[in-house]
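Labels run A, B and C following the written order; every chain starts at residue 1.
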Amino acid sequence: MIGVEEILIRSYNIFFGASVLFLIAVGLNIIYGVMKIVNLAHPAFFTLGCYAVAGFGMGIIISIFGSSSITPILIAPPLFAALIVVIASLLIFPLFLFMSGKGDEVQLLLTYGLLLIFEDLFRLIWGSEPLRASQPYELAGSIYIGEYIVPVYNIYVIISALTVALLLWFFLFKTKQGVLIRAASMDIEMTSALGANVRRVLLITVLFAAFLAGLGGGLYIPSGSVMLGMSVELLVLAFVVVVIGGLGSFLGSLIGSFIVSLLRTITLIIFPELELALIYIVAIIILTLKPEGLGGGKKW
Amino acid sequence: MVRMPGRAFGDDIRVTILLIIIIAIAYPIVYVVSPGWGVVLGHGITWVIALIGFNLLFSYAGLLSFGHALFLGIGAYTVGFMYKYLAVTNIELHLLGSILSSAVIAFIVGFVVVKYTRIFFAIFMLAIAQIFWSLYYKFYWITGGTDGIKVARFSILGVSLENLDFASYHHIYFYLVTGIALVLVYIMWRIVNSPFGLALKAIRDNETRARFIGIDVYKMRLYAFIISAIYASITGALVANHHRLVTPDIAYWTTSGKVVFATLLGGAKVFIGPVLGSFIFHIIESFAMRFIYWQLIMGLLIVIIIIVMPGGFIQLIKTSIERGSRLIRR
Amino acid sequence: MEILKLIDVKKHFGGVRALENITTTLNEGEIVMVIGPNGAGKTTLVNVISGYVFPDGGKIIYSGEEITKYPPLKRIEKGIVRSFQLVNIFDGLTVYENLMTALFSRRKNYSKMYKLVDDYVEVFNEAENVLRLFGLIDVADKNVKSISYGDRKLLDIAVSFAMNPRLIMLDEPTSGVATKDKDEIMEKILEIIRKTEVTSIIIEHDMDIVFRYSERVIVMHQGKIIADGEAEEVRRSEEVKKVLLGGTYA
């Protein structure tokens, strides 16, 4: 019989995975939703966030705050990562401008090229070995639930992701700027006719998405490691999230992340080798039954 | 009577065949000067087949796939398994096996994925290719994992090539593949200029309208998908024999990138583009391999090509010819 | 002889009632023009008959057969062909290639891979004839993107005709064309329709064109048919006048 504790542990894993996926998927959805740009390299922002922290960020943070002050060590890395990624996105912003309004093909090819560039840049700068930055994780310690040890850090990640989701929801649905962005996602021409500067909307969107991805990376890295090939693996997962949740849908990002994380956890227990295959089979079933995704997005 | 418009030189089969024949003639000379470059030409001719197949899907059917490595891998591993478990070295059986395996898998995968287009198709193919890659990687007791499967020299018409020196062996390989490539290129040209090809182009241009003049869009795309898969798989089988080692790398997403890049490089919009692209790509790769951040260069070049020269090398040649003829006219 | 019968056809899109209680009959060879303000349901009517969308209620009977739930492909095989309001042709192909595509499709030859397009001489000849009929023979070799808008519209219609329709539905065939060319295009279309004796439904917005060329006119408003008859009587109807003058149209 599965005890309450075991369910708690599993759920906790699921929520953790979902939190990470959410932070990636929501950025992808925002860029697509608002600017109709599909950015295959978006997960590379997440990976960049991880590398930024594990590569040099953590060292800097520790030398400033010392290695035992828990609050800065928890908060600084994600913010640092987000900053680096935002800067990177600014550097490649001209590419986004170029892609805006162009056909899918151009965007897919160009961002695919970006993905290749990012991957090799990571190798160039940080080498081929996996990197870690586990200080925050260790510092946060763990608690006991029954006979299980639960790392506190991951709870922090879940809470952070929830906070981000809530703030995002509030922004998108309750503020004037947010409503404007949602309107833009439905009809960019109309919105520009209403006076919004499309260029500025694009910039804000890109920065925002980059910020979220970087934040996600900075949050994630203490709990694991970053290595080459991660961007594509994440892309493949983020894509399923978006398929299940619906492209361009905020709610879909939440639902999709949760379901994918759930599926991953289940299949990792039963059939670890077929993990990805099973997830995709489920995705196809959902796609066949509800093409707009469970959250309601664009039809494929 | 309206005259049937002639084809631009890029779409003329004679020009394409001429190109391949010129390279085939140059090959022995190149090989004598530098065997390394001879092998590069061998890569070039091998990949022509996969690229032509990819372009059927990309430029004629309008479906961009980031997972073409999937079928390259299937072709390669079919050969690997045939050798490892059945001790088969006959190239004819290798090719037949890879055609069959890819046709079956293409039918199954295509059945699901061909309903969707554009973004979904592109990424979904990437995902499926990654799934297969991870299977090759994880089931190492079957596939040899990252060590891969070593393959002996292939035999032709039952005749073993084991005792030849490397040069002769490679010459036989090169001309065999050239022959196969010529046949497959010609077949593809016929396909592309048949009513089927026309229907594909119509679907690419306007799916709804194609449907509303009675074309079964789904079926046509599925056919194109399967044909393209078979072509890729043949190249995979040939690569397995060329390198004599089958590893998961051939199924990795960067291989798909190579396919896309080489096609764009040559010029996707004309028939001869991928053929040209295959050779130019492998020549560049040969130089750039010494600079180990080859992926970075490839990525940068993709971005640059998309922005500046979407028609690839062929576009470059065309504009140079135009400028040249304008200069001459002065 | 009756060719098309619509019985109480309904179509809703969310809260919008695009079609309500549409009941009407068409006889073979009739030429019907459908008019009405924007949003009246004209295009939805064509969509429902062609199978682009399925109705939420009611029946569509074609040549005695109920086709309400048939997919578009099946209806095309039965000779129901439509064109679209915005020019909807194959941009990457030449004029004659556009036509050949339709011809191959009609002959169910489009999946053939083993002969070159060049080898199908009879298809090419037929394409030539159609192009000549529509006055497009001079631009046959040109890529569709480079010909005039009027020619593109004509090509769109030519492609529909190449499907050998028994019932053809044209959605605003003269829209977007310069006023001086509208008459030419309409006359050409009607000439071909009369020659081929195909039943036609033509959605039209230009009132001059409608009242000059039509035989039977159906007026739609807010998803309903409010008038149906000869151009003259329809024109005199008070209700119609109110709707057409009071309503908005482009």
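In this text, a contact is a pair of C-beta atoms (placed from the backbone, for glycine too) under 8 Å apart; a residue touches a chain by one contact, two chains touch by 3 or more.
A quick note: this is a predicted structure, and the numbers were derived from the prediction, not measured.
Undergrad: State the smallest step count from subunit A to subunit C, taking one step as a move to a touching chain.
TA: Graph distance in the chain contact network comes out at 2.
Undergrad: Using C-alpha centroids, which chain lies at the maximum separation from subunit A?
TA: Farthest by centroid: C.
Undergrad: Would you mind pulling out the distance in Å between where the CA atoms of subunit A average out and where those of subunit C do?
TA: Each chain reduced to its C-alpha mean, subunit A and subunit C end up 48 Å apart.
Undergrad: CA centre of subunit B versus CA centre of subunit C: separation in Å?
TA: That pair's centroid distance is 43 Å.
Undergrad: Nearest whole angstrom, what separates the Cα centre of subunit A from the Cα centre of subunit B?
TA: Going by mean C-alpha positions, subunit A sits 34 Å from subunit B.
Undergrad: Quick one: which residues in subunit B touch 2 or more of the other chains?
TA: In subunit B, nothing touches at least two other chains.
Undergrad: Counting only residues that touch at least two other chains, what does the list for subunit C look like?
TA: none
Undergrad: Name the residues of subunit A that each touch 2 or more other chains.
TA: None at all.
Undergrad: For subunit C, which residues count as touching subunit B in their complex?
TA: Residue positions touching the partner: 50, 52, 72-73, 76-77, 81-82, 84, 88-94, 96-98, 100-102, 104-106, 109-118, 120, 124, 128, 131, 137, 140-141, 159-160, 162-163.
Undergrad: Enumerate the contact residues on subunit B facing subunit A in the complex.
TA: For subunit B paired with subunit A, touching residues are 64, 66, 112, 116-120, 122-124, 126-128, 130-131, 134-135, 138-139, 253-254, 257, 260, 264, 293-296, 298-303, 306-307, 310.
Undergrad: Tell me, which parts of subunit B touch subunit C in their complex?
TA: Per the stated touch rule, the residues are 1-2, 4-5, 190-191, 193-199, 201-202, 204-206, 208-216, 219-220, 223.
Undergrad: In the complex of these two chains, what residues of subunit A are touching subunit B?
TA: Interface residues on subunit A, with respect to subunit B: 38, 40, 95, 98, 104-106, 108-110, 112-121, 123-124, 232-233, 235-236, 239-240, 243, 247, 273, 276-277, 280, 284, 300.
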